[in-house]
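Shared between the two complexes below is subunit A, which pairs with subunit B and subunit C, respectively.
Take a look at the complex of A and B:
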(Lines of atoms letter the chains of each structure in order from A and count residues from 1; the text may use other names and numbers.)
(Lines give C-alpha, C1' and ligand atoms only; values in the text may rest on other atoms or scores of the structure.)
Protein backbone atom coordinates (compact mmCIF):
# COMPACT_ATOMS: atom_id res chain seq x y z
CA UNK A 1 0.00 0.00 0.00
CA UNK A 2 2.79 2.36 0.82
CA UNK A 3 4.31 1.69 -2.58
CA UNK A 4 1.09 2.48 -4.29
CA UNK A 5 0.72 5.78 -2.54
CA UNK A 6 4.28 6.79 -3.34
CA UNK A 7 3.59 5.95 -6.95
CA UNK A 8 0.33 7.80 -7.01
CA UNK A 9 1.56 11.03 -5.55
CA UNK A 10 4.22 11.89 -8.11
CA UNK A 11 1.50 11.49 -10.69
CA UNK A 12 -0.49 14.10 -8.94
CA UNK A 13 2.53 16.30 -8.77
CA UNK A 14 3.03 15.79 -12.46
CA UNK A 15 -0.50 16.82 -13.31
CA UNK A 16 -0.02 19.88 -11.17
CA UNK A 17 3.08 20.70 -13.14
CA UNK A 18 1.10 20.32 -16.31
CA UNK A 19 -1.46 22.70 -14.96
CA UNK A 20 1.25 25.18 -14.25
CA UNK A 21 2.64 24.73 -17.71
CA UNK A 22 -0.75 25.40 -19.14
CA UNK A 23 -0.93 28.56 -17.09
CA UNK A 24 2.25 29.69 -18.73
CA UNK A 25 0.69 29.57 -22.18
CA UNK A 26 -0.85 32.71 -23.46
CA UNK A 27 -4.52 32.13 -22.85
CA UNK A 28 -7.25 32.89 -25.40
CA UNK A 29 -8.61 36.40 -25.28
CA UNK A 30 -12.01 37.31 -23.94
CA UNK A 31 -12.09 40.80 -25.34
CA UNK A 32 -12.59 41.76 -28.96
CA UNK A 33 -9.69 40.88 -31.23
CA UNK A 34 -10.72 43.18 -34.04
CA UNK A 35 -10.94 46.90 -33.56
CA UNK A 36 -13.56 48.06 -36.01
CA UNK A 37 -12.68 51.69 -35.31
CA UNK A 38 -9.93 51.45 -37.90
CA UNK A 39 -12.50 50.42 -40.50
CA UNK A 40 -14.93 53.20 -39.71
CA UNK A 41 -15.98 55.08 -42.84
CA UNK A 42 -14.08 52.64 -45.01
CA UNK A 43 -15.47 50.11 -47.43
CA UNK A 44 -15.58 46.55 -46.18
CA UNK A 45 -16.59 43.22 -47.60
CA UNK A 46 -18.87 41.35 -45.20
CA UNK A 47 -19.74 37.71 -45.73
CA UNK A 48 -22.93 36.42 -44.20
CA UNK A 49 -24.24 32.99 -43.40
CA UNK A 50 -26.03 31.51 -46.35
CA UNK A 51 -23.41 32.75 -48.77
CA UNK A 52 -24.45 36.35 -49.14
CA UNK A 53 -21.83 39.01 -49.62
CA UNK A 54 -22.40 42.61 -48.67
CA UNK A 55 -20.05 45.45 -49.47
CA UNK A 56 -20.55 48.75 -47.72
CA UNK A 57 -19.09 51.57 -45.72
CA UNK A 58 -19.00 51.00 -41.95
CA UNK A 59 -20.78 53.77 -40.13
CA UNK A 60 -21.26 52.08 -36.80
CA UNK A 61 -20.65 48.87 -34.89
CA UNK A 62 -20.87 47.28 -31.44
CA UNK A 63 -19.15 44.48 -29.52
CA UNK A 64 -21.54 41.90 -30.92
CA UNK A 65 -20.37 42.93 -34.39
CA UNK A 66 -23.72 44.29 -35.41
CA UNK A 67 -22.81 46.70 -38.15
CA UNK A 68 -24.29 49.78 -39.67
CA UNK A 69 -23.37 49.86 -43.34
CA UNK A 70 -23.94 52.72 -45.71
CA UNK A 71 -24.17 52.35 -49.49
CA UNK A 72 -24.48 48.63 -48.95
CA UNK A 73 -24.58 46.41 -52.01
CA UNK A 74 -25.55 42.80 -51.70
CA UNK A 75 -24.01 40.34 -54.13
CA UNK A 76 -26.30 37.45 -54.84
CA UNK A 77 -25.51 33.89 -55.71
CA UNK A 78 -26.24 32.53 -59.13
CA UNK A 79 -27.47 29.05 -59.90
CA UNK A 80 -24.00 27.54 -59.52
CA UNK A 81 -23.72 28.82 -55.97
CA UNK A 82 -21.16 31.34 -57.09
CA UNK A 83 -21.19 34.98 -56.22
CA UNK A 84 -21.41 36.85 -59.48
CA UNK A 85 -20.51 40.43 -60.12
CA UNK A 86 -23.58 41.24 -62.16
CA UNK A 87 -26.27 40.03 -59.79
CA UNK A 88 -26.34 42.68 -57.14
CA UNK A 89 -28.95 44.36 -55.05
CA UNK A 90 -28.78 47.82 -53.60
CA UNK A 91 -29.48 47.78 -49.88
CA UNK A 92 -28.48 51.32 -49.00
CA UNK A 93 -28.27 52.19 -45.33
CA UNK A 94 -28.56 48.91 -43.40
CA UNK A 95 -27.92 47.19 -40.15
CA UNK A 96 -26.16 43.83 -40.40
CA UNK A 97 -26.85 41.51 -37.52
CA UNK A 98 -23.67 40.28 -35.86
CA UNK A 99 -24.83 36.73 -35.32
CA UNK A 100 -25.01 35.91 -39.02
CA UNK A 101 -21.75 37.60 -39.89
CA UNK A 102 -19.07 35.20 -41.12
CA UNK A 103 -16.16 37.41 -42.09
CA UNK A 104 -15.11 41.01 -42.51
CA UNK A 105 -12.26 42.20 -44.67
CA UNK A 106 -11.40 45.64 -45.99
CA UNK A 107 -12.04 46.26 -49.68
CA UNK A 108 -9.14 48.64 -49.88
CA UNK A 109 -5.94 46.80 -50.67
CA UNK A 110 -7.72 43.69 -51.84
CA UNK A 111 -7.50 42.27 -55.33
CA UNK A 112 -8.77 39.33 -57.27
CA UNK A 113 -6.20 37.21 -59.02
CA UNK A 114 -6.60 34.11 -61.09
CA UNK A 115 -4.40 31.13 -60.46
CA UNK A 116 -3.92 28.57 -63.16
CA UNK A 117 -4.33 25.11 -61.72
CA UNK A 118 -2.60 22.37 -63.67
CA UNK A 119 -4.62 19.22 -63.97
CA UNK B 1 -2.60 20.77 -25.07
CA UNK B 2 -5.89 22.56 -25.49
CA UNK B 3 -6.95 23.61 -29.00
CA UNK B 4 -7.50 27.25 -28.18
CA UNK B 5 -4.21 27.49 -26.31
CA UNK B 6 -2.42 25.89 -29.21
CA UNK B 7 -4.01 28.39 -31.58
CA UNK B 8 -3.26 31.33 -29.33
CA UNK B 9 0.37 30.31 -29.24
CA UNK B 10 0.46 29.75 -32.99
CA UNK B 11 0.10 33.45 -33.75
CA UNK B 12 2.27 34.63 -36.61
CA UNK B 13 2.14 31.26 -38.31
CA UNK B 14 0.67 30.51 -41.69
CA UNK B 15 -2.65 28.73 -41.39
CA UNK B 16 -5.28 27.40 -43.75
CA UNK B 17 -8.87 27.64 -42.57
CA UNK B 18 -11.79 25.89 -44.17
CA UNK B 19 -15.19 27.36 -43.47
CA UNK B 20 -18.39 25.41 -43.19
CA UNK B 21 -19.31 26.66 -46.63
CA UNK B 22 -16.23 24.96 -48.07
CA UNK B 23 -14.30 28.14 -48.71
CA UNK B 24 -10.63 27.97 -47.93
CA UNK B 25 -8.85 30.94 -46.43
CA UNK B 26 -5.11 31.10 -46.00
CA UNK B 27 -3.08 33.66 -44.14
CA UNK B 28 -0.91 34.57 -41.24
CA UNK B 29 -2.69 34.10 -37.94
CA UNK B 30 -2.63 37.40 -36.08
CA UNK B 31 -5.14 36.91 -33.29
CA UNK B 32 -7.52 34.38 -31.72
CA UNK B 33 -10.11 34.79 -29.02
CA UNK B 34 -12.09 32.57 -26.70
CA UNK B 35 -14.72 31.82 -29.36
CA UNK B 36 -12.09 30.88 -31.95
CA UNK B 37 -12.85 34.04 -33.85
CA UNK B 38 -9.61 34.71 -35.69
CA UNK B 39 -7.94 37.51 -37.58
CA UNK B 40 -5.55 36.77 -40.42
CA UNK B 41 -3.10 38.96 -42.28
CA UNK B 42 -2.01 38.66 -45.94
CA UNK B 43 -5.06 36.62 -46.73
CA UNK B 44 -5.90 34.54 -49.78
CA UNK B 45 -9.47 33.37 -50.15
CA UNK B 46 -10.23 30.44 -52.39
CA UNK B 47 -13.76 29.63 -53.34
CA UNK B 48 -14.68 25.98 -53.19
CA UNK B 49 -14.96 25.53 -56.94
CA UNK B 50 -11.86 23.49 -57.59
CA UNK B 51 -13.02 21.78 -60.77
CA UNK B 52 -12.17 24.58 -63.17
CA UNK B 53 -8.70 25.08 -64.57
CA UNK B 54 -8.63 28.60 -63.27
CA UNK B 55 -9.14 29.45 -59.62
CA UNK B 56 -10.24 32.82 -58.47
CA UNK B 57 -8.26 34.01 -55.48
CA UNK B 58 -9.20 37.05 -53.48
CA UNK B 59 -6.22 38.63 -51.81
CA UNK B 60 -6.66 41.09 -48.99
CA UNK B 61 -4.52 42.56 -46.26
CA UNK B 62 -6.63 41.41 -43.34
CA UNK B 63 -9.70 39.40 -42.50
CA UNK B 64 -11.77 38.66 -39.44
CA UNK B 65 -13.51 35.29 -39.25
CA UNK B 66 -16.25 34.17 -36.90
CA UNK B 67 -15.22 31.08 -34.97
CA UNK B 68 -18.59 29.36 -35.26
CA UNK B 69 -18.24 29.32 -39.02
CA UNK B 70 -14.89 27.51 -39.07
CA UNK B 71 -14.81 23.87 -40.10
CA UNK B 72 -11.13 23.29 -39.46
CA UNK B 73 -7.82 25.08 -39.20
CA UNK B 74 -4.77 23.50 -40.74
CA UNK B 75 -1.63 24.52 -38.92
CA UNK B 76 1.98 24.18 -39.88
CA UNK B 77 3.43 20.76 -39.22
CA UNK B 78 6.12 22.04 -36.87
CA UNK B 79 3.65 23.90 -34.69
CA UNK B 80 3.96 21.48 -31.79
CA UNK B 81 7.71 21.86 -31.53
CA UNK B 82 7.45 25.61 -31.91
CA UNK B 83 4.91 25.90 -29.14
CA UNK B 84 7.01 23.62 -26.94
CA UNK B 85 9.94 25.94 -27.50
CA UNK B 86 7.77 28.87 -26.50
CA UNK B 87 6.81 27.06 -23.32
CA UNK B 88 10.43 26.40 -22.50
CA UNK B 89 11.35 30.00 -23.13
CA UNK B 90 8.56 31.09 -20.85
CA UNK B 91 9.82 28.72 -18.18
CA UNK B 92 13.26 30.26 -18.30
CA UNK B 93 12.06 33.82 -18.55
CA UNK B 94 9.33 33.80 -15.94
CA UNK B 95 11.02 34.60 -12.65
CA UNK B 96 8.91 35.82 -9.76
CA UNK B 97 5.25 36.56 -9.82
CA UNK B 98 2.25 34.60 -8.83
CA UNK B 99 3.03 31.61 -10.92
CA UNK B 100 6.43 31.12 -9.38
CA UNK B 101 5.00 31.06 -5.92
CA UNK B 102 2.82 28.22 -6.95
CA UNK B 103 5.77 26.41 -8.42
CA UNK B 104 7.63 26.84 -5.18
CA UNK B 105 4.78 25.29 -3.26
CA UNK B 106 4.74 22.50 -5.69
CA UNK B 107 8.36 21.76 -5.04
CA UNK B 108 7.72 21.59 -1.34
CA UNK B 109 4.94 19.25 -2.01
CA UNK B 110 7.28 16.99 -3.91
CA UNK B 111 9.77 17.01 -1.10
CA UNK B 112 7.11 15.89 1.27
CA UNK B 113 6.46 13.00 -0.97
CA UNK B 114 10.09 12.14 -1.23
CA UNK B 115 10.32 11.77 2.52
CA UNK B 116 7.16 9.74 2.40
CA UNK B 117 8.74 7.37 -0.03
CA UNK B 118 11.83 7.06 2.09
CA UNK B 119 9.73 6.29 5.03
CA UNK B 120 7.99 3.56 3.19
CA UNK B 121 11.34 1.89 2.69
CA UNK B 122 12.00 2.16 6.36
CA UNK B 123 8.76 0.53 7.00
CA UNK B 124 9.48 -2.37 4.76
CA UNK B 125 12.82 -3.09 6.31
CA UNK B 126 11.21 -2.84 9.66
CA UNK B 127 8.59 -5.34 8.68
CA UNK B 128 11.22 -7.76 7.45
CA UNK B 129 13.55 -7.53 10.38
CA UNK B 130 10.93 -7.74 13.03
CA UNK B 131 11.43 -6.69 16.64
CA UNK B 132 14.89 -5.24 16.46
CA UNK B 133 13.76 -2.57 14.03
CA UNK B 134 10.56 -2.09 15.89
CA UNK B 135 12.50 -1.00 18.92
CA UNK B 136 14.61 1.29 16.86
CA UNK B 137 11.64 3.31 15.79
CA UNK B 138 10.56 5.62 18.55
CA UNK B 139 7.74 7.50 16.90
CA UNK B 140 5.18 4.78 17.07
CA UNK B 141 6.35 3.14 20.25
CA UNK B 142 3.18 3.85 22.12
CA UNK B 143 0.98 2.43 19.51
CA UNK B 144 2.96 -0.69 19.14
CA UNK B 145 3.24 -1.31 22.83
CA UNK B 146 -0.46 -1.11 23.31
CA UNK B 147 -0.95 -3.47 20.47
CA UNK B 148 1.48 -5.97 21.90
CA UNK B 149 -0.16 -5.63 25.21
CA UNK B 150 -3.46 -6.51 23.67
CA UNK B 151 -1.95 -9.47 21.99
CA UNK B 152 -0.49 -10.76 25.20
CA UNK B 153 -3.86 -10.67 26.84
CA UNK B 154 -5.83 -11.85 23.85
CA UNK B 155 -5.29 -14.58 21.35
CA UNK B 156 -1.95 -16.27 21.06
CA UNK B 157 -0.53 -14.55 18.02
CA UNK B 158 2.79 -13.71 16.50
CA UNK B 159 3.32 -10.19 17.73
CA UNK B 160 5.79 -9.42 15.00
CA UNK B 161 3.06 -9.75 12.42
CA UNK B 162 0.61 -7.89 14.57
CA UNK B 163 3.05 -5.10 15.17
CA UNK B 164 3.78 -4.95 11.52
CA UNK B 165 0.20 -4.69 10.50
CA UNK B 166 -0.61 -2.15 13.12
CA UNK B 167 2.38 -0.10 12.27
CA UNK B 168 1.57 -0.26 8.64
CA UNK B 169 -1.83 1.20 9.25
CA UNK B 170 -0.36 3.99 11.33
CA UNK B 171 2.15 4.70 8.65
CA UNK B 172 -0.55 5.00 6.05
CA UNK B 173 -2.39 7.47 8.16
CA UNK B 174 0.78 9.45 8.36
CA UNK B 175 1.19 9.33 4.67
CA UNK B 176 -2.35 10.38 4.00
CA UNK B 177 -1.84 13.37 6.18
CA UNK B 178 1.16 14.25 4.10
CA UNK B 179 -0.86 13.96 0.96
CA UNK B 180 -3.50 16.27 2.30
CA UNK B 181 -0.89 18.97 2.66
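Take a look at the complex of A and C:
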Protein backbone atom coordinates (compact mmCIF):
# COMPACT_ATOMS: atom_id res chain seq x y z
CA UNK A 1 0.00 0.00 0.00
CA UNK A 2 2.65 2.47 1.02
CA UNK A 3 4.86 1.29 -1.79
CA UNK A 4 2.09 1.84 -4.23
CA UNK A 5 1.41 5.35 -3.03
CA UNK A 6 5.03 6.40 -3.31
CA UNK A 7 5.11 4.88 -6.74
CA UNK A 8 2.18 7.02 -7.71
CA UNK A 9 3.60 10.01 -5.94
CA UNK A 10 7.12 10.50 -7.26
CA UNK A 11 7.33 13.87 -5.52
CA UNK A 12 6.99 12.24 -2.13
CA UNK A 13 9.60 9.60 -2.91
CA UNK A 14 11.93 12.39 -3.98
CA UNK A 15 11.44 14.39 -0.81
CA UNK A 16 12.12 11.31 1.26
CA UNK A 17 15.39 10.86 -0.56
CA UNK A 18 16.24 14.50 0.10
CA UNK A 19 15.52 14.01 3.77
CA UNK A 20 17.91 11.10 3.95
CA UNK A 21 20.57 13.13 2.24
CA UNK A 22 20.08 16.04 4.62
CA UNK A 23 20.54 13.72 7.55
CA UNK A 24 23.80 12.47 6.11
CA UNK A 25 25.29 15.94 5.63
CA UNK A 26 23.97 17.58 8.75
CA UNK A 27 26.78 18.61 11.08
CA UNK A 28 26.10 18.71 14.81
CA UNK A 29 26.74 22.42 15.17
CA UNK A 30 25.41 25.13 12.90
CA UNK A 31 27.32 28.38 12.68
CA UNK A 32 25.56 31.65 12.13
CA UNK A 33 25.61 32.68 8.48
CA UNK A 34 26.69 36.21 9.36
CA UNK A 35 29.02 37.10 12.18
CA UNK A 36 27.60 40.29 13.60
CA UNK A 37 30.51 40.65 16.03
CA UNK A 38 32.24 42.73 13.36
CA UNK A 39 29.36 45.19 13.36
CA UNK A 40 29.12 45.54 17.12
CA UNK A 41 29.05 49.20 18.16
CA UNK A 42 28.78 50.29 14.56
CA UNK A 43 25.89 52.14 13.00
CA UNK A 44 23.75 49.95 10.77
CA UNK A 45 20.73 50.34 8.54
CA UNK A 46 18.11 47.66 9.14
CA UNK A 47 15.16 46.99 6.86
CA UNK A 48 12.17 45.11 8.24
CA UNK A 49 9.30 43.19 6.73
CA UNK A 50 6.48 45.64 6.32
CA UNK A 51 8.82 48.30 4.96
CA UNK A 52 10.23 49.94 8.07
CA UNK A 53 13.77 51.29 8.00
CA UNK A 54 15.63 51.65 11.26
CA UNK A 55 19.11 53.07 11.77
CA UNK A 56 20.98 52.42 15.00
CA UNK A 57 24.11 51.21 16.73
CA UNK A 58 24.32 47.43 17.28
CA UNK A 59 24.77 46.67 20.95
CA UNK A 60 23.81 43.02 20.90
CA UNK A 61 22.38 40.17 18.86
CA UNK A 62 21.67 36.46 19.09
CA UNK A 63 21.69 33.40 16.84
CA UNK A 64 18.20 34.14 15.60
CA UNK A 65 19.33 37.61 14.49
CA UNK A 66 17.28 39.41 17.08
CA UNK A 67 19.07 42.73 17.46
CA UNK A 68 19.61 45.26 20.21
CA UNK A 69 20.04 48.72 18.75
CA UNK A 70 20.92 51.87 20.63
CA UNK A 71 20.03 55.41 19.53
CA UNK A 72 17.64 53.82 17.07
CA UNK A 73 15.88 56.10 14.62
CA UNK A 74 13.04 55.03 12.37
CA UNK A 75 12.74 56.63 8.96
CA UNK A 76 9.17 57.50 8.12
CA UNK A 77 7.59 57.36 4.69
CA UNK A 78 6.60 60.21 2.43
CA UNK A 79 3.27 60.60 0.68
CA UNK A 80 4.27 58.16 -2.06
CA UNK A 81 5.04 55.39 0.41
CA UNK A 82 8.76 55.78 -0.23
CA UNK A 83 11.15 55.90 2.69
CA UNK A 84 12.02 59.47 3.50
CA UNK A 85 15.57 60.59 4.17
CA UNK A 86 14.91 63.32 6.71
CA UNK A 87 11.51 62.46 8.23
CA UNK A 88 12.39 60.36 11.26
CA UNK A 89 11.24 59.51 14.74
CA UNK A 90 13.30 58.50 17.72
CA UNK A 91 13.01 55.03 19.25
CA UNK A 92 16.13 54.97 21.42
CA UNK A 93 17.22 51.66 22.92
CA UNK A 94 15.31 49.02 20.98
CA UNK A 95 15.01 45.28 20.46
CA UNK A 96 14.32 44.23 16.87
CA UNK A 97 12.90 40.79 16.15
CA UNK A 98 15.05 38.58 13.94
CA UNK A 99 11.98 36.92 12.42
CA UNK A 100 11.00 40.03 10.47
CA UNK A 101 14.45 41.21 9.49
CA UNK A 102 14.92 41.80 5.76
CA UNK A 103 18.36 43.34 5.41
CA UNK A 104 21.14 44.78 7.48
CA UNK A 105 24.10 46.87 6.29
CA UNK A 106 26.58 49.30 7.81
CA UNK A 107 25.81 53.00 7.38
CA UNK A 108 29.49 53.90 7.03
CA UNK A 109 30.94 52.65 3.81
CA UNK A 110 27.78 52.88 1.77
CA UNK A 111 26.45 55.69 -0.33
CA UNK A 112 23.28 56.50 -2.18
CA UNK A 113 23.82 56.14 -5.92
CA UNK A 114 20.28 56.73 -7.07
CA UNK A 115 17.36 58.40 -5.44
CA UNK A 116 13.93 57.94 -6.88
CA UNK A 117 12.11 61.23 -6.85
CA UNK A 118 8.41 61.55 -7.15
CA UNK A 119 8.42 64.94 -8.87
CA UNK B 1 32.56 44.01 27.00
CA UNK B 2 29.82 41.57 27.89
CA UNK B 3 27.40 40.60 25.17
CA UNK B 4 23.91 42.09 25.31
CA UNK B 5 21.35 39.46 24.37
CA UNK B 6 18.04 40.72 22.96
CA UNK B 7 15.89 38.31 24.94
CA UNK B 8 17.78 39.28 28.08
CA UNK B 9 16.91 42.91 27.41
CA UNK B 10 13.24 41.95 27.11
CA UNK B 11 13.49 39.90 30.28
CA UNK B 12 14.84 42.89 32.18
CA UNK B 13 11.88 44.94 30.93
CA UNK B 14 9.42 42.72 32.83
CA UNK B 15 7.38 44.80 35.29
CA UNK B 16 8.48 47.93 33.49
CA UNK B 17 6.86 50.04 30.80
CA UNK B 18 7.30 48.79 27.27
CA UNK B 19 6.46 50.09 23.81
CA UNK B 20 5.69 47.44 21.23
CA UNK B 21 5.62 48.25 17.53
CA UNK B 22 3.89 45.86 15.15
CA UNK B 23 4.41 45.29 11.46
CA UNK B 24 1.36 47.38 10.71
CA UNK B 25 0.81 50.92 11.95
CA UNK B 26 -0.39 49.55 15.27
CA UNK B 27 1.49 50.01 18.53
CA UNK B 28 0.95 49.02 22.16
CA UNK B 29 2.23 50.54 25.36
CA UNK B 30 1.85 49.13 28.83
CA UNK B 31 3.65 47.20 31.52
CA UNK B 32 5.35 44.02 30.36
CA UNK B 33 4.16 41.01 32.35
CA UNK B 34 5.91 38.22 30.49
CA UNK B 35 6.92 36.68 27.18
CA UNK B 36 7.93 33.32 25.68
CA UNK B 37 10.46 32.03 23.14
CA UNK B 38 8.29 33.24 20.25
CA UNK B 39 8.12 36.63 21.95
CA UNK B 40 4.40 36.33 22.39
CA UNK B 41 3.89 39.00 25.00
CA UNK B 42 1.56 39.72 27.88
CA UNK B 43 1.10 43.37 28.77
CA UNK B 44 -0.77 44.87 31.69
CA UNK B 45 -3.14 47.82 31.17
CA UNK B 46 -2.16 48.21 27.56
CA UNK B 47 -2.94 51.20 25.42
CA UNK B 48 -3.41 50.55 21.73
CA UNK B 49 -2.33 53.17 19.18
CA UNK B 50 -2.25 53.67 15.46
CA UNK B 51 0.75 55.60 14.27
CA UNK B 52 0.91 56.98 10.77
CA UNK B 53 4.08 55.85 9.03
CA UNK B 54 4.15 59.11 7.11
CA UNK B 55 3.66 61.64 9.89
CA UNK B 56 4.63 59.60 12.93
CA UNK B 57 1.60 60.98 14.77
CA UNK B 58 -0.03 58.49 17.16
CA UNK B 59 -3.72 58.23 17.88
CA UNK B 60 -5.07 56.31 20.83
CA UNK B 61 -7.37 53.51 19.66
CA UNK B 62 -8.38 51.98 22.97
CA UNK B 63 -7.30 51.14 26.48
CA UNK B 64 -7.25 47.53 27.60
CA UNK B 65 -7.77 46.95 31.30
CA UNK B 66 -6.06 43.99 32.90
CA UNK B 67 -3.81 41.72 30.92
CA UNK B 68 -3.52 41.43 27.16
CA UNK B 69 -1.87 38.66 25.18
CA UNK B 70 -0.15 39.92 22.07
CA UNK B 71 0.93 37.38 19.43
CA UNK B 72 4.62 37.53 18.64
CA UNK B 73 3.83 36.96 14.98
CA UNK B 74 3.33 40.61 14.18
CA UNK B 75 5.79 42.20 16.56
CA UNK B 76 8.54 44.21 14.87
CA UNK B 77 10.18 46.06 17.70
CA UNK B 78 10.10 46.29 21.48
CA UNK B 79 11.27 49.45 23.19
CA UNK B 80 12.00 49.12 26.92
CA UNK B 81 10.91 52.10 29.00
CA UNK B 82 7.84 52.80 26.91
CA UNK B 83 7.09 55.48 24.36
CA UNK B 84 9.72 58.14 23.82
CA UNK B 85 8.57 61.61 24.77
CA UNK B 86 7.79 63.59 21.67
CA UNK B 87 6.35 60.56 19.92
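Going forward, the second predicted complex is superposed on the first by the 84 of 119 C-alpha atoms of A that agree within 3 Å, B and C clash if a C-alpha of one lies under 4 Å from a C-alpha of the other, contacts with A are read in each partner's own complex, and residues count from 1 in each chain.
What we mean here is this: a residue touches a chain if its C-beta (ideal position, glycine included) is under 8 Å from a C-beta of that chain, and two chains touch if they have at least 3 such contacts.
Being a predicted model, the structure only gives us computed values, none of them experimental.
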Exercise. On subunit A, which partner's contacts cover more residues, subunit B's or subunit C's?
Worked result: B
Exercise. When the two structures are overlaid on chain A, which partner does A:49 contact: first (subunit B), second (subunit C), both, or neither?
Worked result: both
Exercise. Given the touch rule stated above, what does A:95 touch, subunit B (first), subunit C (second), both, or neither?
Worked result: second
For this session: Give one of first, second, both or neither to describe whether A:62 is in contact with subunit B, with subunit C, with both, or with none.
Result: second
Exercise. Between subunit B (first) and subunit C (second), which, if any, makes contact with A:34: first, second, both or neither?
Worked result: first
Problem set entry | Touching both subunit C and subunit B, counted on subunit A across the two superposed complexes | 49, 51
For this session: Would you mind writing out the residues of subunit B in touch with subunit A in their complex?
Result: 2, 4-5, 7-9, 19, 21, 25, 31-34, 37-39, 43, 47, 49-50, 52-66, 69, 87, 90-91, 94, 99, 102-103, 106, 109-110, 113, 116-117, 119-120, 123-124, 168, 171-172, 175-176, 179
Seminar exercise, completed: The subunit A residues in contact with subunit C across the complex are 48-52, 54, 59-62, 66-68, 76-79, 87, 89-100
Exercise. Across the complex, what residues on subunit C touch subunit A?
Worked result: 3-7, 9-10, 21, 23-24, 39, 53-56, 72, 75-81, 84, 86-87
Seminar exercise, completed: Touching subunit B in the complex, subunit A uses residues 1-3, 5-6, 9-10, 13, 16-17, 20-34, 45, 49, 51, 65, 80, 82-83, 101-107, 109-117, 119
